[in-house]
Structures are given as structure tokens and as C-alpha cells.
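Multiple structures follow.
What follows is a pair of complexes built around subunit A, which joins subunit B in one and subunit C in the other.
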Partner chain A sequence: MSGYFKELFTGTKSLAVGMGVTIRAFFSPVVTMQYPYETPKIPERFRGHIELVADDEGKPKCVACGMCQRACPSGCITVKGKKREDGGKGKVVSFYRLDFTKCSLCGQCVESCKFDAITFSKEYNLASTRKEDFIYDLLKRLQEKNS
Partner chain B sequence: MSEPGRLLAFLIGIIAFAALNAAYLVWVERKGAGHFQRRIGPKEVGPYGLLQPIADGIKLMTKQLIVPEGADAVLFKMAPIMVMVPAIVSFVTIPFAEGLQARNINIGLLMIFAFASVAVLGILIGGWGSRNKYGVISAARVVSQNIAYEVPMLLTVITVVMITRTFDLNAIVNQQMGGFWHWNVFRLTASPLMPVAFLIFFVCMLAETNRAPFDMAEAESELIAGAFTEYSGMGFGVFFMGEYANIVIGACVATILFLGGWDCPLGFLPGVHWFLIKMYLIIFTVVWVRWTFVRTQFYNLLNLSWKILIPISMFNLILTSALLKVF
Partner chain C sequence: MSVTVTDPNLETFVLNLGPQHPATHGVLRVKLVMDGEYIVSAEPVLGYIHRMQEKMGENRTYAQFLPNPPRLDYLSALSYNLGYVMAVERAAGIEVPERAEYIRVICTELNRVASHLLWHGAFILDLGGFTPLLYAFDDREQILDLLESVTGARLTYCYFRFGGVYNDVDDDFLAGAKAFVKRMRERLPMYHDLVTNNIILIKRLKDIGFISAEMCRKYGATGPVLRGSGVAYDVRKAEPYSVYSEFDFDIPSYPEGDSYARYRVRMDEIAESLRIIEQACDKIPDGPVRAKVPKTLKPPPGDYYHAVEAARGEFGVRIVSDGTTKAYRMKLRSPSYSNLSLFGEACEGMLLADALALMGSLDLVIPEIDR
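Now for the complex of A and B:
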């Protein structure tokens, strides 16, 4: 019989404690972000899809060595290069395509790049009804960004 | 005003009050749910989302009412009305303020409880008539739940009636006039367990109106939507409105029986607003409870009624009658 009253008392008390928790939450400020009206601050190490890095002159740092293409486990990257026009040594990138539909943002490409020529972008507003919208020509993106 | 004119005015007023409350309590519920979870809740449709119920209503009204194959069409269509109508009829005897009552019936309290049990029948035939497993399980649950909770509720009401010696709601409120210490909930001379009785009444009210944590009838995670599974469009809408109208009735009765109706706690600015403040405070608590507790298991629900609420309310009844006899 004493167990009955003890249970009754502790049960009622725990209900009251629960009500206290929720009423405090009720009068606390709202924590959700109103997304389309407010946008989050993207942290430094955010992993968006990759993009090419430009040097001081605005030209891509990429030398088309193809390491990223080889490092990619999903085969998202296609790089093509050509001889430098000024006759110097090495190649410059002439085509860089990222198939973002397959990319899992593992970052192997960024790791493998010896020239710091690719980096993670801070793009997150990615939505489309068409698959083709996620096949990016990164060289063109860089040129558009520079202009 | 002439008597027919007065009744017509009350009829329109009651239907408007019930419908407006049903619509805007959905908004209150969603807004409350939001803030209890530190969200905002509806905010897109109109300022503070205030036009949301209207948008919901238009959406529900434009949807087709489908009667499922093999369902009992008559029962299926009748069920939502049977939930809504008793709630509206019950408003007839609710005294909102001095003289603001459609009809004073000397057995008003009895009438409200008589009609309140019809609402359960509505859910029962809705679940049965829709020829749906979830509906039938829900119907069975609703009935056993309501049988279990009607007992302690009525025991508590009998206690109050023994103290007030009347079923007349107007008279019950008039007895509690003159400050909050006269309210039945604080009438400790009649029975020291009156606050407990109020608590029991509140819990039973939650169970009777199928509100969480006692929403066994439409336990979403187990029964999809229970008795309402097959309903579309305004069939579902009327069920929903009926449920909220029943909550309003429950809050009104709790206000009248325990919180002194339109009596102002400290005796200033008397009027209908005190009734509404108390009523909406109770409704807010109902929302608060819903977003605090998880749904009880079914046998726990019955255990709570038979092992805790009924013995305590029975004890309260005996204690009150003994005290009435002695003093």
C-alpha cells in the first residue's frame, strides 16, 4: 500500500517536472533558422562541391596532371590539358568537368592535389529537377567568377 | 428582445463561437506546438500565420469526400456530424456571464454529460462504418477508454453536485461568487481533496476528448489516424472541429464547476472576459500537456483510471458525503 502512494507521488512529481521543462521551452527564444529569409553562416571547413582555385592573375592554378581524376573513387572528374601557349614548360587545364551527381564529397581530389588548385566551394543551395544541372564545367565557372 | 429573436441570436452566436474556436484552436495548437519545441509554428499565411485556419478550411472544402468501397455509407457520413452536433448543443446551457446563457436548464450539467457521451458514439460508428482495420481497433479503444474515464469523471462531478446541491450551472456559478477562495477548487471546508478532484476532472476531460497523452483513438504511430483514417476533405474537417469543440465544452465545464465561472478572482472588472480567460487558460494547459507527455500505452491508460483515478475520486466522494453529514 505504501508503494502505491509512493508511486503516485513520484509519478505526479515527474509529470510536474516535465511540464516545467516544456513551459520553460515555451518562453525561451526560438532557435530555428527561417531559412529562405535567413541564411546560415557557412563554416570555414564546409565541404561543398569542388571548384578550381585561381592564381594571382586569375588563371587556374591547375596544371592538368590528372591526379584528382585518378584519386576520385566515383569517377566524377574529367580533366583535359593542353600545352602552354607562351611556350613554357608544363600544361594548363583546358577542360574540367565535375559530375556532381556521383560525388560523395569525400575530398580525395582535394587531398591529392599537389598544387592546391582545387578547393571545396561553399555552395549549398543546390536543387534542380534536371540531372544535367549537376554536371559542372568548373573552368567555365572560374572564368565567370573572374569576369 | 423577443424570445424567438433571442434564441436565434444565441443559435447564430453559439455556432459562430464553436466554429471560430474550432478553427483557431488548430492555430493555437500548432503555434503552441511550435513554441514548446522552440520553433515558430505557422507564420507564412497572414500575420503570425493567422489566416492559416482559413487556408486549411478552403483546402479541406475543395477536397472530394470519398466513401470507401464496402463501407457503410450512412454511418460513415453520419459519424462526423455526431461528433460535432453534441458539442454545439452542449453550448446551450453554458452560462458565459450573468444573463449570457441561451437557456437555463435546471439539469444543465446532466444534459452536457449526456451529450458528451454521444460524441464517443460518433467516433465509434465512424471507425466501424469505414470498414478499416485501424478504424475498428480505434473504435474499440475509444469505447473502453471512455467507459474507464467516464466513471471517475462522473464521481468527481457527483462530489461537486453534492456540495452545490444543484445541477443548474447558473446556480453553481452563483454559489462561487466573491473572490477565488469561494471557488469550488479551493472549497476545502467541503472536502480537503477539492484540488485533487479538479485534477482528476482535468485528466478525465483529456481522456474523454481523446487528447494526447490519451489519444488512443488516433494514435498515429500505431493506427495511422484511427477512426479518421478513411475520411477525406470536410468529413475529416468536421471530425477535427468536433474534437476541438468538445475540448472547449470540457474547458467550459471545468471553469464552471471548479473555477467559479465568470467570477473575477479578486473582485474587479466582472464580466464575460473572466470566463474566457479561465477557459482559454485551461485550453492552453491542454495544449501544454499534449506537447509535454508521450502517448500512454493502452493498458497503462486503463490502469491509471481503474487503479488511481477511480479509487481516489471514490474516496473523495465518501469523504465529502461524510463531511456534509457531520457539518
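Now for the complex of A and C:
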């Protein structure tokens, strides 16, 4: 019988202590961020989908060596190159398509690039009902960004 | 509370729990034979989210399989990343710089705390208490922000690489990790006030959902389920990998074997993980974070196995190499699969509501069970 009353006492006390936590939380500052009215700060290393990097003249650094295409686990990247127009050595990129529907943002393309020609973007507001919206022409994207 | 059903001629009916049920946390289906409110037998049905991860491991090069293991268990992704990377390192004989090992330990332990916090919230949610989830998510958010700042992702990290990590951490991260340890230590008593000592929780969990050490051994259950049955087995202590042997930490275990014991094991593990993070932040040496690794890995032919302690138990990777760039066989041993296997035996004769509490205390992650 004494056990019953003891449990009644400790049980009621535990509920009161728990209620105390709730009351303290009620009067403490709000931690919820009111997205989309406030937006979070995106850290420097955030991995969005990849994009091409331009050199000082605004042209893509990419030489279409195809290392990123080979490194990609899911075959998201299609890259094609053409001979340089000025007759110089090497190639320039003529086509760069990213199929973001398959990408898992592992970063092996960026890691494999020896020319620092691709980087992670900071895009995170990506939502669409159409699959085509996630197939990016990165070369066109870069040209639009520069113009 | 529980009764044992002995009469086979009882009037029973079959109840489908899942595959879409809030308490199964994913697409798990359990076929229950019920006698009123009591469970006569239970049979988990798997395969709703099977993705052939092991086969994928045999069709891709070692580096190309890197993003897959973290997607098995999205809640403690870094442990899975670590397990796979270390297995390949063992196969290819790669030495990892010490600073990289410390970074791995700090990140993995932070991830373990995040995983346990989410479990804590979701478990109480299963039992009908909504608010603890919001407290847990507040703390978990701090960890996610920290990990996002170094790994670039919030959930399915792909941060560890063969021979090291993707990139070095800065002092801000180490200071942030220390600040989190301090914050979490102050918050832990609050969790105990709010949840652990709550009489309703104790009444729902204590002496209910008994799992014996023998049952764990029979089904190969590991992690907090095994430690909640009184066996202080943890891969970090039993077969220390990485730099775990340099830290001073305990393995919490409770001999009761009920749902409450498993609850307390996980809460104690959060405190132990904080101890490891604090020591690692103090001891972390300077130096390179990545060893020189050949571009195409061709481990010598052989059979390799490496296990790590993930948040849910022992995660093991077995690689059979035939000397080519792809594995001949990639076996992923995931803890939740074994932990779920004992559910059928453990919940016989229990009330349905108590069985759901038992299932919550197993901390199941379905993509990891199905692979």
C-alpha cells in the first residue's frame, strides 16, 4: 500500500517537473525560422548542383577532357568538346549537360576536375513537377550568367 | 501485462500493420495474428524499398559506390560512409593520416548524437507524446548546421574518401563542436526531467517488451538492443578501429532487457558520444587530411571485412576482390535487419500498443533493412 502512495507522489512530481520544462520553454526565445520570410545562410561548402566556372574573360575553364563524366557514379554528365577556334592546342567545351534527376551530390566530378572548371552552386530552391526542369545545359547557364 | 497464448483454437484474426503506418517509420509491413488486443504471432514482411544496393556495389568501381552506403541509413549516414571507406582501405592497404581519423571520429559521433536525438523524438511520438520531438529537433538542428558547414550536405553525407576526408575542417567547426557539447550537456538533464523520469513513459516502457541476451545472440542483434539486454558489446571497444582506442569512454548497458533499458542506453550513449567529441577536439593534431591514393583502386584478390559501430549496431562491409576495379562480391551487413528479426518472437503475447513501443525502441530504419 505504501508503494502505491509513493508512486502516486513521485509520479505526480515527475509530471509537475515536466510541466516546469514546458513552461520554461514557453518563455524562452523562439528558435523556428520563418521560411520563406527569412532564409537561412548557406554555408561556403554547401553542395548544390554543379556549374561551370568561367575564367577572367568569361569563357568556361572546361577543356572537355571528360574526367567528370567518367567519375560520375550515375552517368549524370554529358560533355562534348570541339577544337579551339584560334587554332591553339587542346579543346574547348561545346556542350555540357547535367541530368540532376540522377545526381546524388557525392562531389566526385568536382574532385576529379584538374582544371577547377566545375564547382558546386548554392541553389536549393529547386522544385518542379516536370522532369525536364532538372536537366540543365550548364554551358548555356554560364553564358546567360555572363550576359 | 502480457499474456501467453497457448490455445491454438482461439478465435484469431489477421491485422496488417503497414506498409504505410506512422509507427513503422517507412514501408515496413508486419502481418499480425491477433487475439483481440493481444498478438498471437507477428511476421515482418520486407522488400518494399529494396534497391539492390549490394548488386550496385558489384557493378560500379569502388569510388563510384561511395554515395550509396550513406543512403542505407539516412539518419547515421556518416557511420555507413565510414564503414565502407574503411573496408576498402583495409582491402587496398591504404594508411590514413591521423588528422583525418580524428575528423572522422568527430563527425561520426556528432552524427550518432543526431541520430539518437531523432530517435528520441520519434519514439516518444510513437507513444503519443508530441512535444519532445520539437526539443530534440532543436538540438539536432545545431548538429546538422555544423555538419553542413564541413560536408556540404545535411542528411546523406558523402564526406569520407579513401585515404582521408573530402576537405579539411577549420577552427570554427571545432569551436562549434565544443560549443555543441557544452550546450547538449546542459540540455540533457532537461530531457530527463521532461521524458525519462515521466511516470507515463515509465508505465509504458518498464517491464514491457522483454528481449533477453540469448534472443539477441540467436538473431544477431547488436547495438543498443544488445546493450539494453545487459551485454556491453560495442565494436568501438571490442575491436577498436580508427582512433577510438585513444579515447576514454564507457559502454552503457542495462541488464533489464525491457524497452526502458534500451531507452536509457541510447540516452547514456549521447553523453558518451559527447565525451568522445570533446576529447577528439582537444587532441586533434595538425597535418594532411588525405593520403596519396591511386586514381583507380585495384585491391589485391582476397576476402575483406570491416565492421563499425553505427547508431543502430554493427555495420559490416564484406568485400571479395578479384583484383579488378570492381568488387566481385559486396556484402553489406546492416544492424536493423537483425534487430527487426527478433521482433516476431519478442512481441508474442503482447498488447498491440506495447508491441509498437517495442518496435520503436528497436530504432528501425527501413531503407537499411531492405538495402
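Convention: the second predicted complex is superposed on the first by the 147 of 147 C-alpha atoms of A that agree within 3 Å, B and C clash if a C-alpha of one lies under 4 Å from a C-alpha of the other, contacts with A are read in each partner's own complex, and residues count from 1 in each chain.
One rule holds for everything that comes next: a contact is a pair of C-beta atoms (placed from the backbone, for glycine too) under 8 Å apart; a residue touches a chain by one contact, two chains touch by 3 or more.
Bear in mind the structure is a predicted one, so any value in this text is a computation, not a measurement.
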Field: subunit B versus subunit C as contact partner of A:Gln108, first or second or both or neither
entry: second
Message: Output check: A:Pro73 vs subunit B and subunit C. Expected answer is one of first, second, both, neither. What do you get?
response: second
Query: Can A:Val30 be said to touch subunit B (first), subunit C (second), both, or neither?
result: first
- request: Could you say whether A:Leu126 touches subunit B, subunit C, both of them, or neither, answering first, second, both or neither?
  value: neither
Message: I want to verify the contact counts: of subunit B and subunit C, which reaches more residues of subunit A?
response: C
Query: Of the partners subunit B and subunit C, which touch A:Thr22 in the superposed model: first, second, both, neither?
result: both
- request: Figure out whether A:Ser14 sits in contact with subunit B (first) or subunit C (second), or with both, or with neither.
  value: second
Task: Applying the touch criterion given at the start, work out whether A:Phe46 contacts subunit B, subunit C, both or neither, answering first, second, both or neither.
output: second
Query: What is the shared patch of subunit A, the residues that subunit B and subunit C both contact?
result: 15, 18, 21-22, 25, 31
- prompt: Can you name the residues of subunit A that touch subunit B in the complex?
  reply: 8, 15, 18-19, 21-23, 25-26, 28-32, 34
Message: Which residues of subunit C touch subunit A once you look at their complex with the stated criterion?
response: 60, 63-68, 71, 131, 135, 138, 141, 145, 148-153, 156, 158, 161, 166-167, 190, 193-195, 197-200
Field: Sites on subunit B touched by subunit A in the complex
entry: 32, 34-40, 43, 288-289, 291-293, 308
Statement: In their shared complex, subunit C is touched by residues of subunit A numbered 7, 10-12, 14-15, 17-18, 20-22, 25, 31, 43-47, 71-73, 104-108, 111, 120
